[in-house]
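Pasting the structures here.
In the two complexes below, chain A is the common chain; its partner is chain B in one and chain C in the other.
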Partner chain A sequence: MSIDGLSRRNFLAGLGGVGAAAILGGCATSASTGTGQAGGAVTLQSNLSAPLPKAAMESVVAAFNQKGGAQAVLNTVAAETFRTQLPSYLTSGNPPDLYTWYAGSVGRSYAKKGLLLDLSDVWSGLTDYSAATRTLSGDDAGKQIIVPITYYWWGMFYRKSNFEKWGVRPPTTWDEFLAVCEALRAKGVEPIGMGAGGTTPWVASAWFDYLNIRINGAVYHRELLAGRHRFDDPQVKAVFAKWKEVLPHFDKSATAIPFQDATTSLLQGRTGMMLIGTFFADAAPKDALDDIDFFQFPIIDPKVPIAEEGPTDGFFASAKTPRGAEVKEFLKYLATAEAQELFIKNSAGTVLPVNPKAKDSGTPLVAKGRKMLNDAAEITQFFNRDSSDALQPTADAALLQFFAQPDQVDSILATWQAAAEKVWSS
Partner chain B sequence: MVTLTAPPVERPPTSGNRRRNKPNRRVSPLLIAFVLVPLAVEAFWVFWPAIQGVYLSFTNWDGISPPTGVGFDNYVEMAGDPVFGKALLDTVIWLVLFGGVSAVGGLGAAMFLQRERRGVGIYRAALFTPVVFSLVATSLIWQSMYQPDGLINTVLGGLGLEGWQRSWLSESDTALYAVILPALWRQIGYVMVLYLAGLKGIDPVLYEAATVDGASRWQQFTRITLPQLRSVNAVVLSVIVIDSLRSFDVVWSLTKGGPFHSSELLSTYMYATAFQSLRLGYASALAVVIFLLAFGVIVTYLVRAFQESDS
Partner chain C sequence: MTRRNPLREIGYHVTASTISLLWLLPIILVVVTAFRSFDDVARNGVGSLPRSFTFDGFAQAWTDGGAARALVNSMLVTVPTVVITLALASVSAFALSRYDIPFRRTVLLLMLAGNLLPPQILLVPVAKLSEVLGLYDSLVALVVVQVGFGLGFYTFVLHGFMRAIPAEIQQAAVIDGAGAGQLFLRIILPLTRPALAALSALAFTWVFNDLLWAITVLRSEDRMPVTPALLGLQGQFVSMWNVIAAGSVIAAIPTVAVFLRFQKHFVAGLALGAVK
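Take a look at the complex of A and B:
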């Protein structure tokens, strides 16, 4: 009996403890302060969940750990989960130390709220990094918040053998591009694949980005995304007017399948070409990669300085980390040519290292991509990276509606502007 | 409902009985603990977050900085928000279609399968099996069937109905209905089981008497079966209303409320507002509306049910 009573009392005490923990944890809206313990391994929260980049990240972490200094632990999370959880990670009492993230506007809102570690002293050692990269990795207050390690490019990808078979050549101007579309259509091929269905509606934003930077220029584009212009401006309407010219040439399942399936369609020759980032190669078979080439998004107005999308990936750290020195040691390693070459060797090899001393995979495709970005007067990142993850869904809704109801552009853009205003004002 | 109004049992007022009925004033502390501890846990884990949700609905909160109070602004914004209007309309369509078809279908299946025949267990099990599957797993299978090259379009093509082929999930006209179907596929089996249990509880003597009186099958159904199922109906209604308003997994995994909000429900809109747009104040206001809707429908029904059984 006494044993029963004791265990019951313990049980109740345990419940009381749970309740007390609930009270403390229940204050979800109050800002909690970090009391994590110093020492121990640096935890790296990674959203590189596709098999190839994940393996590449694992190899880099293993190489760092073998150096015998600070240690790091990799924790890979699915990209969608990572994105929705990131605010929770950063505001929790004992957050992970280091995170994969993107350079550009998309990280700065966290910096503004004081959640990110100042990495300026890591950057003082990164003398090889370009000035543009340095600006891109800073916050609005002039602090460095992110250490980028790789970047990649977007382009109109196609299969060389298929273009040969169909007797078409990569176009450079808009008119040539329309002619290629007509020619492919005549051969019974769907000219343009997209893959903005399923879980990847954001792929459609690449078309918006490119048309906007080709017609209105990168400066206008960035200002638009920052809320300094309106989505129902005549400039934006001009973008959609141009888009309408090619709309009939899009694959009819362009908005019905995710980009991975659209990649399969492209490789199997059901579609002719696709505007996509080099990450699509992660899912492509190795032998098909040798047959893949790309051309630059056609020039529409030669007077507009040429801009290209060159999204830059890297890492930022929580301001609450008790392991600041270890985090910076790891970041310094990640910024070395050695680490970036190791990462590229173990991935699909279609990304470019940010460190100018690091060698890329050296394939003709990568050399061509690197040259295109080097020749560009301006580099944009991508719709969400140049604005915020909160603005991306407003673009997804507007662009998919444009595909379904291209005659409703005016009302679509008015709705988009209203939705965007809510995001900007919140 | 029926048991609540059971007539009080008449007891002869004997002295012995009165002594035994004398209320025992001392309640065991153990009993109090058994009531209070779960109440405390429930309060911390359920009521407190719920109250916080209501509080957050009067704030502007991004999940990071401290929330700032904005009064009724979120509710005012909701009144003029076209996406909220669309989500509300879709939720009503969902409630009517999903609720109506699963109630009628579940009752039909239960009536059909209530009699013990050879092999009837297999059919019951087959209808109930979808309930066992995770809805997300179910959705993945349906998603592949709905693909442009999926099973449904292939079958339509095979039947010579190419004109009917659609990208079911990515066209705004069909997305909502394409999402309701997998949800129904699961819910009918669940409602059937509830009704089967209800049908088992009906006294067969009632049917015998009706047959002797010359009542037709339809009369038996409307005059005996339906009234006798009233208490089950209350359960089914509650289940359907709650399931409709919290339907989320199937929509999110199939369309995420898209394309351009055409299959948006209040639940998916709430999630997208909270975790994609990071507008947790407005999302909390949406959650409060969902709660009031569910609560309102169910309370209205229960009040009516009580009134009927009282009269």
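Take a look at the complex of A and C:
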């Protein structure tokens, strides 16, 4: 009986072994053939999941498909899902061909791992694009890895009717800015809204970016984020000293509510102004849009060349794509004035085309924003885009800590530096 | 005496209604938000009193948000998963509980141990494995993963339940000439019905509400079940809370329906297990 049982178990074990070998064999073959075949439609993995940008992207893809050349398929996933899954998309055996992403150093770590397609020959046709955009879209080795199509700007947004009601005018210098804050405070309005609470702590980094590029300049800012300076340098301490001057004028819920709620506060007149990117307009009721205006972040040191934040969005492609020619054909189309105008026409219209020949949506607000960026000597992207997504949380922690304990700047910056060093060395 | 104490009475009602209000508040907020217009939400904030009433959110979630297609996908995953897992789990629980199989405690503990692992640490292996097997980005992959992860727990629960069935019933059936198959199908399975009903309601809810595995093994928009589709209504910067709330209400309907349908079994199943 026991011998019988043993032999049966041995038989079962043998059977299991054969089965496992068969499965493993199956793996090996499917893995080697799993890289997909050439031909077929270009797959575009998009994180533009909000209704307006999604519709805009759909219209561009439809227009491209109508031209009759290569075909493209749009696949939109939630922005949050996209952010967390991008590494697995890129490293999978059969990855999507094209991805929405950001220009600047934030894409370069993928290029360093050899995951991105070299787009230099697409760029050789983009003679209209500016030299600055070209530099921004390259990796550390000098290859072009991204084709940007739109960008937007950041500014101090306010409601025109409210500023009129309160009797204040948009300031241009830091002293005027402080005076406006005082005036609003006297009227019982919280002068500055922010919205760095909830899921959007990164909004606070806009203030750090702007104070740093106004005081120390864009070159220092980029070097700092790249790890060539220290966060506990006297230059960075000067940034926080300036910030402290205006800190009492921040809305008390600045670090408690997410930016979308802070937008509501601004529109309702509970707060006076807010440093934010134009994407916030998507969260505004349509009738309030005409009442919205912005002014440039106040000049602190006139000797520092003016820099502005102009985050640039575009596309990069997987190095594994078997459809390189089709991908490049699609990217060439996306870089045309025609495609970018179509995108802007179908979106909320607050983004600017990267192709200088393309027309923007033409509203006075957009014209003003485009002029501000054109006049700037330097364009920065944003904290995470100029560094990496890994460095962003270190900034979030430090800046929220600064809001809670503004007297502890020295220790906060020392902690920040230590956290940043871990990111840079990894 | 204590029952008539008015202070106690009042205290009980105040506490109970406060707790139930706290419990219901998020649900009420979602339902109210679902019927507001986006301009109302944007102008007055998510938390304010509603100043509009519209079905636009539902329409938008259904068409633009793709809730219709996502619900179909969810059903395509959930129904086969529940049927397959419960079928497999009841067979294995039957074998483990009614027969003296060597190492059955080890097998059972191993199945339970699988459930003690946090699923997050298995995300990357599961994604890679589904790719190697050529299942990545297909609903089949999701069904396989869900069956695999559910099996251990359901077997454990059913095992506990089947073990409680008196041995005399089995012996009587064997004397009457029933084989293992007949014993399982005609004796044990009908007796396990309350537990199966309770488990299927639970399994349905879990699988239907899962988000993690769906975004791990799927990447195509048109294959996503309803939970990731709801997540997709959140934009990169701006979220249309009224549409998301409306989508959540739509997504909750199937699970609520299943629960109402199986509610009686569910409570009965719990009580049966407890009293034995």
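Throughout what follows, the second predicted complex is superposed on the first by the 392 of 426 C-alpha atoms of A that agree within 3 Å, B and C clash if a C-alpha of one lies under 4 Å from a C-alpha of the other, contacts with A are read in each partner's own complex, and residues count from 1 in each chain.
Methods note: a residue touches a chain if its C-beta (ideal position, glycine included) is under 8 Å from a C-beta of that chain, and two chains touch if they have at least 3 such contacts.
Keep in mind that this is a model prediction, so the values were computed, not measured.
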| item | value |
| --- | --- |
| Which superposed partner A:Ser426 touches (first chain B, second chain C, both, neither) | first |
| Chain B versus chain C as contact partner of A:Ala56, first or second or both or neither | neither |
| Touching partner for A:Ala317 - first (chain B), second (chain C), both, neither | neither |
| Partner chain(s) touched by A:Asn47 [first = chain B, second = chain C, both, neither] | second |
| Touched partner set for A:Leu275, first chain B, second chain C, both or neither | neither |
| First (chain B), second (chain C), both or neither touched by A:Ser88 | both |
| Residues of chain A at both interfaces, chain B in one complex, chain C in the other | 26, 30-31, 84, 88, 261 |
| Residues on chain C engaged by chain A in the complex (per definition of touch) | 38-39, 42-46, 60, 64, 102, 124, 127, 131-134, 136, 215, 219-222, 224, 228, 231-240, 243 |
| Residues of chain A defined as touching chain C within the complex | 5, 26-27, 30-31, 34, 45, 47-51, 53, 75-81, 84-85, 88-89, 92-94, 96, 259-261, 263-265, 267-268, 277, 279-280, 282-288 |
| Chain B contact footprint on chain A (complex, rising order) | 12, 15, 18-19, 22-23, 26, 28-31, 84, 87-88, 90-91, 110, 113, 115, 197-199, 201, 252-253, 255-257, 261, 389-390, 392-393, 396-398, 400-401, 404, 415, 419, 422-423, 426 |
| Residue ranges of chain B in contact with chain A within the complex | 33, 37, 40-41, 44-45, 48-49, 52, 56, 60-67, 77, 82-83, 143, 147-148, 167, 169-172, 256, 258-261, 272, 275-279, 282 |
